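In what comes next, chain A is part of two complexes: it sits with chain B in the first one and with chain C in the second one.
And now, the complex of A and B:
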């Protein structure tokens, strides 16, 4: 596998590149279509080089489009006034630029495993306590997701697939999940303490 | 609702990024000083829990569902600053891993949900909990705090989105946000209350117990919290009263003009009378929405208080007895 493929790049480069691209998009004055076109071509080249599934990227973008459109309709008045664009063009500008930023971040996330991204964030100056919290969170996220899936399946089995659970039952589900989560944390923390955990995470990269 | 990239003005994004970074640094310092090596493990698990809890969909109506936001719940479990760090972790994962919320709006999102939502919500929760005492205090306090935290976050969001624009635009955004978030706020209060009540009846030690207290115990100055709470409530009231100050046409009308399904697109948008014939009915529409916004605030507040009192009755009888029992043991 050639080593210049994007997923082989240093995660710091990818992270800084994506955030830098977003900044370039955000800081562009409204209505600078040609500049945005150049950025879009650059992004398209990067996306093609990375081999990310393009339909998947587009689907993600479409998923966010409703919310973005609503907010763009609210914010377009401000942009239209400060830039002299018509209201419709201002809204279009907001939606397009948001799409570019979203694409860049999505593509970056697709070619950068979260552990590498976290490592890059730590190297780029994220406070250690926050980085450690994010590490634990990521570790427990899938555990809790599995727990939630198991609980949902069990619940469905007991209620014979009846739909329309009440708020109370769903809140109890969350309450039980909280209990199990904190119990698990206590157990794992005790085990980590027994193995010399002192609050400072150490990885093989350090 | 996470703010995506681009929609904030540059100044608003920079300002909220600075405030958010300073707030997060302060929160991390406070948390670090108080907890031992367990801090990050506990906060990481709580963040994962909030994230997972947000995946549980509460059916509201056909095709519409809501979910827990969890800022107040995290603050009630771990204390305000650890709660803010938990929300920051959730936001960072949502931003970088799932692209929910923009990178350049991360500061604004953290200000709204972490600082205003969790820390501000806790400032509302704490005086109520102390005044009422016991489990009723915890339940009612967390529900009222959840309601206000959502409204305050919506208010902060409107300020950020409207910053740098005209006053009319800002008020238009504010009244839309207040209307939408009055509904979301009642939902958040209900779900938070149901979860807190369930935990208080089945596993009270998770909220009241030594683990939680150890994390939460903080000799806060007696006056600061009520003052912040009073300020928060006043601001929330202002969110609903503000649309009355608007002298502009209604937002829907504004959008309508702009899309061209109302006549006369060439006229400047906010001039008093772009379409003479329709002025009266649309003026009425504007008034109706102002009234609706204010009514939503009033009804929402009353609903939340009503639910909170009703749900807290579970604890009214048993609370004191159970505490006495614990003391005896």
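And now, the complex of A and C:
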């Protein structure tokens, strides 16, 4: 992990910088190639300076880029119509912008531990209830993922070599997972109430 | 204020935990608790044993005022749970301050992003200032031997460590009654031993729901057997757990140490 976050900048600076960068990219008119090029160079410099693991960053980014390409192909027609660019250039423009924005966010996420990110969000004025909800989501994502893994393993153990789950089994798996998540929510709420929860999120920072 | 001083007088003589005619139905209408009477003196360590589905966990939740004392939406049940003489259905917040509940699955109880935040959750909610809450949380982590895990996310801890963080989080609320649901379930022998020593070293009144009868012999002088929502036996642990007929009738088994010890 330490090689992943050598950049000891305040998380607020990183978060505000990344959001500002995204805005700068999004607000440029279509076809501002030179402007986007300068932003791309600036981002590349920041990424290199951050000392983030570049192969890992690229792997994550390329995963997102597939989705971006798909969406760009869907939306390029309308952008081409309104901007006067050719369809191909409009698609390239979309991929470039979204790619840059995603790169900025992915790099920021990779150099900022989640607890610091939450702290930065709270300090930058995110409503406490929303920050608390994000905290819960991140905490229980892993618990639910473990639960799902156990369920699929148990399912595979009884499927005797038949590949894939089939829609019926998949649907019931998702249903059971939802039911378990609701049960867990009840228990977590009981545990919170037991320790004095009254609906107001309180944290140690500030 | 007169009311408060009257409460203080009652709590001086009242048992730490008193249940009288406690009845509770699950939301689907099945009866979970069917007239439970139980009284636990301050400082006493009591085990609550019984088969799966006997109503143990449900009983524990009542001690914290976590289940509604109502039939359906409107009809109030007569009060049936008192903690230090306080009616749990009317003084929920104060009762929760007195009773510390350690749940069976640590993932239910550790919901914060870091261990320190989690242990400080109780004190912060009970009105402690941030600095005081931090100090208390660190002190409680120290007590369970996990001070160096303070800044880690809970999911990076082992099951036994998470269990101890849960205990620290409850101790940070400084409860006078400690209620534990299956404290030794799923722990490896070393984790179990460590957890037992911790529990044994705490001076609070304890009520422990468990299937671990060896643990009961070790740290609980008194045992209560619950089956089908009713208390079917209540007495010194050695006597209750040596009664083969009674145990068998209620889905339990005589602990090995009592079998070989004779």
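A few notes on this one:
Please note the rule applied: the second predicted complex is superposed on the first by the 181 of 206 C-alpha atoms of A that agree within 3 Å, B and C clash if a C-alpha of one lies under 4 Å from a C-alpha of the other, contacts with A are read in each partner's own complex, and residues count from 1 in each chain.
One rule holds in what follows: a contact is a pair of C-beta atoms (placed from the backbone, for glycine too) under 8 Å apart; a residue touches a chain by one contact, two chains touch by 3 or more.
Bear in mind that the values here come from a model prediction, so they are computed numbers and not experimental data.
When both complexes are superposed on chain A, chain B and chain C end up sitting side by side without clashing. Of the two partner chains, neither chain B nor chain C is touched by A:55.
By the document's definition of touching, both partners, chain B and chain C, reach A:198. For the combined model, the angle formed at the CA centre of chain A by lines to the CA centres of chain B and chain C equals 90 degrees after rounding to the nearest 10.
Using the contact criterion defined above for the overlaid structures, shared-chain residue A:184 touches chain B and also reaches chain C. By the document's definition of touching, of the two partners only chain B reaches A:87; chain C does not.
Shared-chain residue A:106: touches chain B; no touch with chain C.
In the superposition on chain A, contact is made by A:114 with both chain B and chain C. In the overlay built on the shared chain, the residue A:138 is in contact with chain B and with chain C.
Within the superposed three-chain model, A:125 lies out of touch with both chain B and chain C [touch as defined at top].
For chain A, the partner with contacts to more residues, out of chain B and chain C, is B. Put simply, the nearest alpha carbons of chain B and chain C end up 6 Å apart when the two models share chain A. In the three-chain superposition model, chain A touches both chain B and chain C at residues 114, 135-136, 138-140, 143, 184, 188, 192-193, 197-198.
Note for the complex: chain A touches chain B at residues 18-19, 22-23, 25-27, 60, 64, 67-68, 71-78, 81-82, 87-88, 94, 97-98, 101-102, 105-106, 109, 114, 117, 127, 129-130, 132-141, 143-145, 147-148, 164, 167-168, 170-179, 181-182, 184-186, 188-189, 192-193, 197-199, 201. The residues of chain A lying in touch with chain C in their complex are 114-115, 118, 135-136, 138-140, 142-143, 184, 187-188, 190-198, 202-206. On the chain C side of its complex with chain A, the touching residues are 61, 64, 66, 93, 96-97, 99-101, 103, 105, 107-114, 116-117, 120-122, 124-126, 130, 133-134, 137, 151, 153-155, 169-170, 173.
Remark: chain B residues 1, 3-10, 13, 24-25, 28, 31-32, 36-49, 51-53, 55-56, 58-59, 68, 77, 85-86, 88-90, 92-93, 95-100, 102-104, 161-162, 164-166, 169, 172-173, 176, 190-191, 194-195, 197-199, 202-203, 206, 211, 251, 254-255, 258-259, 269 touch chain A in the complex.
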